[in-house]
Amino acid sequence: MVIYGTTGNPFWAKVVAGAEEAAANLGAKVTIQFANDDPVQQNQLVEAAIARGTTGIGLSINVDDAYDGIVASARAAGIPVVAFNVDDSQGAAGNARQAFVGQDFREAGYLIGQTVASAAGLGQGDKAVCPVEHPDAVYAVERYEGVARALAEVGAECEVLGTGGVSLEDTLTKLTQYLVGHAGVKAVVGLGGMPTEMAPKAIADAGLSIPNGGFDLSEVIIRNVMDGQTLATVDQQPFYQGYMTVTQLYYANKYGLTPASINTGAALVEKGNAEQVLALSGTVR
Amino acid sequence: MTDTVAPAPNAATSALRALRRHPSVNVLVVFVLLQACCIAASLLLQGEFRYLSEPNIQTLLRAIPQLGIIALGVGLLMVAGEFDLSVGAVFTFSALIMADVFNLGVPLPLAVLAALAAGAVVGVLNGMLVLRFGITSFIATLGTMMVLRGVILFISNAQSSSFRPDALFQALLTGQLGIVPAQFLWLVALTIGAYLLLERHRFGNHIFAVGGNVDAANAVGVRVGRVKLAAFVLSSVMAALAGIFSTTRVNSVSPIQGQGLELQAIAACVIGGVALSGGRGSVLGIFLGAALIYTVQDVLLLTAAPGYYLDAFVGFIIIIAAILNLHVLGKE
Amino acid sequence: MSSPAPAGTPLISLRNIVKRYGNHRALDGLDFEIRGNEVVGLLGDNGAGKSTLIRMLSGIAPPSSGEVLSDGRPANLGSRAESARLGIETIYQDIAMIGALSIYRNMFLGRELTTHLGFLDRRQMRRLTVDILRRSVEIAGIDDPDKPVSALSGGQKQAVAIARAVHFHKRMLLLDEPTSALSVRETENVLRYITELRSSGVSCVFVTHNIYHAHQVCDRFVVLARGRKVLDAPKQETSIEALTRLIVAH
């Protein structure tokens, strides 16, 4: 299993924890390697794995086209390949991988969009704002599409607000200023961790009382959900991304089953389940 | 020596001349004009442009200190002829130290001291790298910035830490005095302090000297190394202080925050008339530079402009400010 | 200063000085002295060793070998601080001042007058500055001690630098090409200050390419060529023509 990321990033630690737990349960051997955000290195790692005679490959397809060749040659050698966390933007049409295990950003956006829209009672012509650190990033674009689709179903609209990565306080300031200037906004859906964390405070500072929700699990976000200040947050369940990838590769070898795509990221954390999430925060969630 | 004897100084004209020479005159004019426009627009377009609404004034006054405090430290260092690109990382690093130490059960005052000490240590390190090894400050502090970012990810595990101090501390740093937020009052106090240091204290004279003309500073016996080291420490400690204020307001530290803060601080200083080459600048200018950046952001967000065009406007102001400042220098 | 040096002892004297840069001898067995109340004209073509000598007296380029005497006693020129202690101040072409600071803050740079906790005693510094400027060098156009130095003309800056040196009781001023960047009128003024300085007990070394300027104010001439002294004569024993011939000949 090759991880296109850097060691020490806790997000990947949860993926690894899932992969290792699956391997332990199944009695399989899993080797974790990091490509440190380098597509060339990732290609070399996969190539070396094929040469060693590995029986299954999991990788994240972070760059379209970069791994088309190597994945095709692994498949030609009869090795099952599953993508996790990030897929080719064209899905199966873009890459010969057999399945993708990860969050469907659009579906996840749709889920939180629906949840917030119904809580806010959004209707025809109502407006919501989607603050996000980097509006041009893939996660932002796709989650936004999902949110926008959910809102469009009830006739509501939403707008992206770029809040940058300067600081939580700066995020808070920008969101507050936006809310003061756009008096008609009826809901806030944070597309990333920083704005989701700051949403309840910004709403209060702007002198409003409107529902908010978003993405990611930080201690503050989970506590906000527990306190009822934030409606819900979506977890992409990285543990599952590792666990299901290894499990499917194992059974592809044992029984010849074809790996199936799994959307791991439609898990809503709401008031009811937030406490359990908090207990596992940092290790599994 | 002019060819004609100067006329007897008239108090009013000499005050006017002094004002025209002041390094912050451009930013002052722009700032006053912008405020006048905003207030007029707010009165004319009641309800459409809520500049004068209480939540907006509150938000603006709360927003300026984070950048303002950092810019004061960075600006004084720039007058001394050096840069500090590590302030964004120090901002986050110190706040993280404070939150983690406090969450371990250490008394709050000690946690705050630890944060300030962490800032001071980074400042000493920056100073040593520049003065001992002769690395230009741009490179040295770029290095410490990247190292610190790594350290931050390592100790935070890339998770944000919560910080919930007692109500008194919270009120002292981020409460309200009438309609004015406490952190703005702190910024005003720090600005006055920085002014006294730069314009009324021996140290300020030496800061101008080492930044304006190192040979001259050496020739009159100013201890250049010591002055620069002190300025590096000041810059880092101010960044740490900003981190403490910011974290107390939002009750949380995000390990990925602080990016771009160093460039914003330099931008505020340049807009405020601080020379990139050192030896020139004013505390009032730095303060107004930071205030101007946030006012422009505020106006853009209050009107329908999407938030991500913001940087373009700040860039625009920097270029205008740089041109105006060159023009002022040319006059002399 | 336990016992005063006998009258007529040079303020500073250099004996058999050699300054080597690698194999090159910038100064080669030079004897040079500055006496009380005199203006020495230091002349010579480019590369003769004038700048090296000025840098040496300023403490920036210590001698490789030779003897330094201050008031007849052995002394050192190992650093700028040591040179300053001997009462030497150098006024460079690009004057050692900070453009953004006011005249009075420049005047007391590094020697600030303070009240308590290191805060500047601005009133006293302003008052003294006005006083110093009025007394030591009468400068038309400088009326305001709060004016930044960057707003002064080249001659005015020279004047402030000279006034600063005089106020802090420097006994010897080294003026390295002080008039090269100045207008005719400013040059006249600087030459006048130099004469005034002598009468207030400050000696000067005046480095210039302009023999006419030198002849106007100097009491004694030293001509260097290739690191050696080729002439050391009082003004009355030489002439502009003789000096010119000598400089060109070498």
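For clarity, chains are labelled A, B and C in written order, and residue numbers in each chain start from 1.
Note that a residue touches a chain if its C-beta (ideal position, glycine included) is under 8 Å from a C-beta of that chain, and two chains touch if they have at least 3 such contacts.
Small disclaimer: the values here were computed from a predicted structure and weren't measured.
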Revision key, fill the gap. Closest to the centroid of all CA atoms, by its own CA mean, is chain B
Study note, to complete from the structure: Chains joined by the largest number of C-beta pairs are A-B
Check your understanding: Which chain has its C-alpha centroid at the greatest distance from the C-alpha centroid of chain A?
Key -> C
**Study point:** Separation of chain B from chain C, taking each centre as the mean of its C-alpha atoms, in whole Å
**Key:** 42
Check your understanding: chain A to chain C: how many Å between their CA centres?
Key -> 73
Practice item. Take the average of all CA coordinates in chain A, do the same for chain B, and state the distance between these two points in whole angstrom. Key: 36
Check your understanding: Okay, in this complex, where on chain B does chain C touch?
Key -> 1-3, 5-6, 8-9, 14, 18, 21, 23, 196, 200-203, 205-206, 208-209, 212-213, 215-222, 275, 279-281, 329, 332
Exercise for review: Write out the stretch or stretches of chain C touching chain B in their complex.
Suggested key: 80-81, 84, 90, 95-101, 105, 108-112, 114, 118-120, 122, 139-141, 143-144, 146, 148, 150-151, 153, 155-156, 159, 185-186, 189
Practice item. Spell out the part of chain B that touches chain A in their complex, as residue ranges. Key: 47, 49-50, 53-56, 58-60, 62-63, 66, 88, 91-92, 153-154, 157-162, 246-247, 249-254, 256-261, 264, 294, 297-298, 301-304, 306-308, 310
**Study point:** Complex contact set, residues of chain A against chain B
**Key:** 8-11, 13, 131, 135, 159-170, 172-174, 176-178, 180-183, 193-194, 197-198, 201, 205-207, 218-220, 223, 281-282
